[in-house]
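Shared between the two complexes below is subunit A, which pairs with subunit B and subunit C, respectively.
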Partner chain A sequence: MFSRLDGYIGPMLAGASVTLVICIGAILLGFIAGIALYSLRNTGARGAVALADVYLGFFRGTPLLVQLLMLFYIPIALGVEINPYVAAVIALGLNSGAYQSEILRAGFQSLPKGQVEAADSVGIPRGKTLWHIQIPQVLRLTVPQLVSEAADIIKASAIVSVVTVTDLLRVGRQIVASNYRPLEVFITVAVVYLILISIVQLFGRYLEARWRTKS
Partner chain B sequence: MNRNSLLTTTLGAVLCVASLNTVAKDLLTQIKERKEIVIATEAAYKPYEYIENGKIVGYDKDLLDFVMEGLPGVKVTQVDVPWASVLPGLAVKKFDFVVTVVGITRERYDNFALTYPIGDGTVALLKRASDDKLSTPEDISGRIVGAQVGSSQLRALQKYNTKLISDGKPGVEEIKEYAAFDEAYADLAAGRTAAVAQSISSLAGVVKERPDIFAIMTPTIGPKAYFSWVGRKDADSKPLVDFFNERIALANSSGKMKALQMKWFGFEMPVPTSVPEPLEID
Partner chain C sequence: MNFDSIIGMMPAFGRGALYTIGISTSSIVLGALLGFFIHAAYRKFPRQLKAAYAAYVWVIRGTPFLAQLFIVYYGLPAIGITPSAMQAAVATLAIYGSAYFAEIFRASWNSIPKGHAEAAIACGISPLATFMKIEMPQAVRYAIPLLVNQSIVLIKESSLASIITVPELTLTAGKIVAETYSFVEPYLLLALTYWALTYLTSILGRRIEKSFSR
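The block that comes next holds the complex of A and B.
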């Protein structure tokens, strides 16, 4: 088994890096979508709030696999070519945006209201207040939840092969399809996922510790 | 207002001409112009197609290389796609052509352009080497048998089961359908099923890799059947499908196909140079 393991490592590293790149893209996109959703709701305008609610309802109320397939097949029907890797990042990112907006909302709500008023009174534009005053604090407050969301994205990303992306799980299946040894291959795949997620969690703990000492 | 309507008319005319332009150019011409063809493959059928060192290799890949020698300068982009996305992706033009073993069923025959056969798809049953209760295919009565969902092999299995029942046998206990054959093999090895229905040419590869676990039951259970590659069934795709057929026929008559079969399977599989009628299930 260990001699065969050698042959798995190369392809699995390639698959793991695809999974990782897609997930990093999705987490960043999801963060921006999350902030946008929070800002929409925060305007209090009826249309904006309704829009955010529809978004949240859709992305939390339908399976991720369905969202991914829709994103893959609908643009092509409209004559727009969308790269499968981009489709995977967008689907995972938009989906994560719905969850991240809830996490971020909790963070924003725990900031004292007076901050924004104070920033207003000294003439700092709202955009700057958001990015330079509120978001850094919100990030610190919500790191544990964001890390757990990142781990969820990595796990959820195992479905992206349906849109022709050769991710870690797909590489595992390719190996099984030529050596017919599912048990050891899928155990190896699981271990690699575990390593990826552990790295994310360690990074999250490092950030938490660093920011705690700084504040 | 006037300017607006002028703009709309001009835009409309331009779009019209643009779309006429693309309609006039068939897929083969487009491929020659963009110097790239996008091929979908489900690389999970050793020795037809599988992944080795991150690359798609196998009998089909070698045969595809021969076919593409007829289009010098065109880059081949071959992507590995799960089976469930292969034909749907072809239908919505995600890919230009499907180069993966596709059995000939009525629905595929009616909806897609199948090429001349490239391999023997006659179905046999795979069992665990240690399972002494199975010696001929008829012994699967009362047992659970697996196959890939929507596959021609599944059809052959269903048909064989109907025949068993009409011969007065109890028939199989259950036919389990799997998303991919590797799952069906895994369940067979784990003892959850007694046999898997798959083409004998693919099974040869399985048994060669794991002779300790698997064995093929003879004789085959279905009528003579074949594997093809697939294009779209529209006028746009016709020249490309014709091109593939010409090259496949040339591989067949020149002995190239036989040489590749000896290389990858170790035996010869004679195939006709016409598209056979699909296997009917009653």
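The block that comes next holds the complex of A and C.
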């Protein structure tokens, strides 16, 4: 049944690497957005907190597909052509930022308050305290959840195919258009996603085990 | 921003919202039932079904919903099963949800301390009463916030039904965009409608949670 798929391994691998590159970009952008959101809320200023709340409400309360369509089509309406790959990374990344900020917040909250006070008292600027003192510890504490978020991003990324990004799922659709074997092709695509996601999850479990024994 | 055009879109959006609510509600109910029975079967025959249960959860949760939807809608006709777009959307969303629901039921059940049942038996309380009055209420209280969360996930995932041409909210907005060439108003209204749906669901969830915690 699957024998006639041999010739499609190349395009599928190309699609899988597009999926991976987009997801890596998205998780990095999401991390920065997550830190920014945490910092916004942490200022305690009413406007900043409200802004963070609107961001969280929008990105967690609406479908990712809607966010992607808005990000892709609204700039076009305003006369700005946006590259679909860039739109995909931004939509996935900003969406992930909302979830990563929740993960990171738990990490920040478990750090002793005295650290920031100590850093302040020896004259370390707040930005340096954040990046050199707090974030390394937060990363270590939250890495299992962040990796599981990365696996979720790979899964969610399948929708970028609707804005003409040639990711794994879109490659599958192209193959179906030429060989008319949708069942085999889409099952194969799903298996490739399953492998990618499982590898990421196993990596997360490995990191968790290793970092736990170290600390 | 053109408010007259937003008012003009309302009837179409209303129809789309009914589809979205219909797909979400039926797949949440079907998915929860399916998840309940999958978990119950696993509890009844843990040794025989352990591998099958783990494989089911792994495969369903480890693949994108959109890929599953394509297998059902475009793939199944190859073996003689031709679901309509609506049937494919509800069935796939229910199956997708069932793996998460089964895991929620499993975690809820595991959250009950074993000592409770042992203590109840030691006091001579019947197994049925132990289950209904002691174990079940604890499991339900644990499960509700997780069930509500999963329901919100399914409401959001139902937007992907637009890709296989189910005329729900997202497709409705896309059609209006294609007809009117205005992008901003339809998409803003679309986001707002979804936000209202998920927000109302979370409020409803909190109500239910409160009524059980008393």
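Convention: the second predicted complex is superposed on the first by the 207 of 215 C-alpha atoms of A that agree within 3 Å, B and C clash if a C-alpha of one lies under 4 Å from a C-alpha of the other, contacts with A are read in each partner's own complex, and residues count from 1 in each chain.
Simple rule for what comes next: a residue touches a chain if its C-beta (ideal position, glycine included) is under 8 Å from a C-beta of that chain, and two chains touch if they have at least 3 such contacts.
Treat the numbers as computed from the prediction; the structure is a model and nothing was measured.
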Superposition on subunit A - do subunit B and subunit C clash or fit: clash
Touched partner set for A:159, first subunit B, second subunit C, both or neither: second
First (subunit B), second (subunit C), both or neither touched by A:76: both
Subunit B versus subunit C as contact partner of A:169, first or second or both or neither: second
Touching partner for A:182 - first (subunit B), second (subunit C), both, neither: both
First (subunit B), second (subunit C), both or neither touched by A:193: second
First, second, both or neither for A:41, with subunit B first and subunit C second: neither
Broader residue contact with subunit A after superposition on the shared chain, subunit B or subunit C: C
Of the stretches 185-193, 221-229 or 239-247 belonging to subunit B, the one that collides with subunit C: 185-193
Subunit B and subunit C contact sites that coincide on subunit A, given as residue numbers: 73, 76-77, 161-162, 173, 176, 181-182
Subunit C residues touching subunit A - in the complex, by the definition given at the top: 58-59, 62-68, 70-71, 74-79, 156-160, 162-163, 170, 173-174, 177, 182-184, 187-188, 190-191, 194-195, 198-199
Subunit C contact footprint on subunit A (complex, rising order): 57-58, 60-67, 69-70, 73-74, 76-77, 155-159, 161-162, 169, 172-173, 176, 181-183, 186-187, 189-190, 193-194, 197-198, 201
Residues of subunit A defined as touching subunit B within the complex: 10-11, 14, 73, 76-77, 161-164, 166, 170-171, 173-182
Complex interface listing, subunit B residues touching subunit A: 40, 43-46, 50-54, 79-82, 84-85, 88-89, 92-94, 180-183, 185-186, 189, 206, 209-210, 213-214
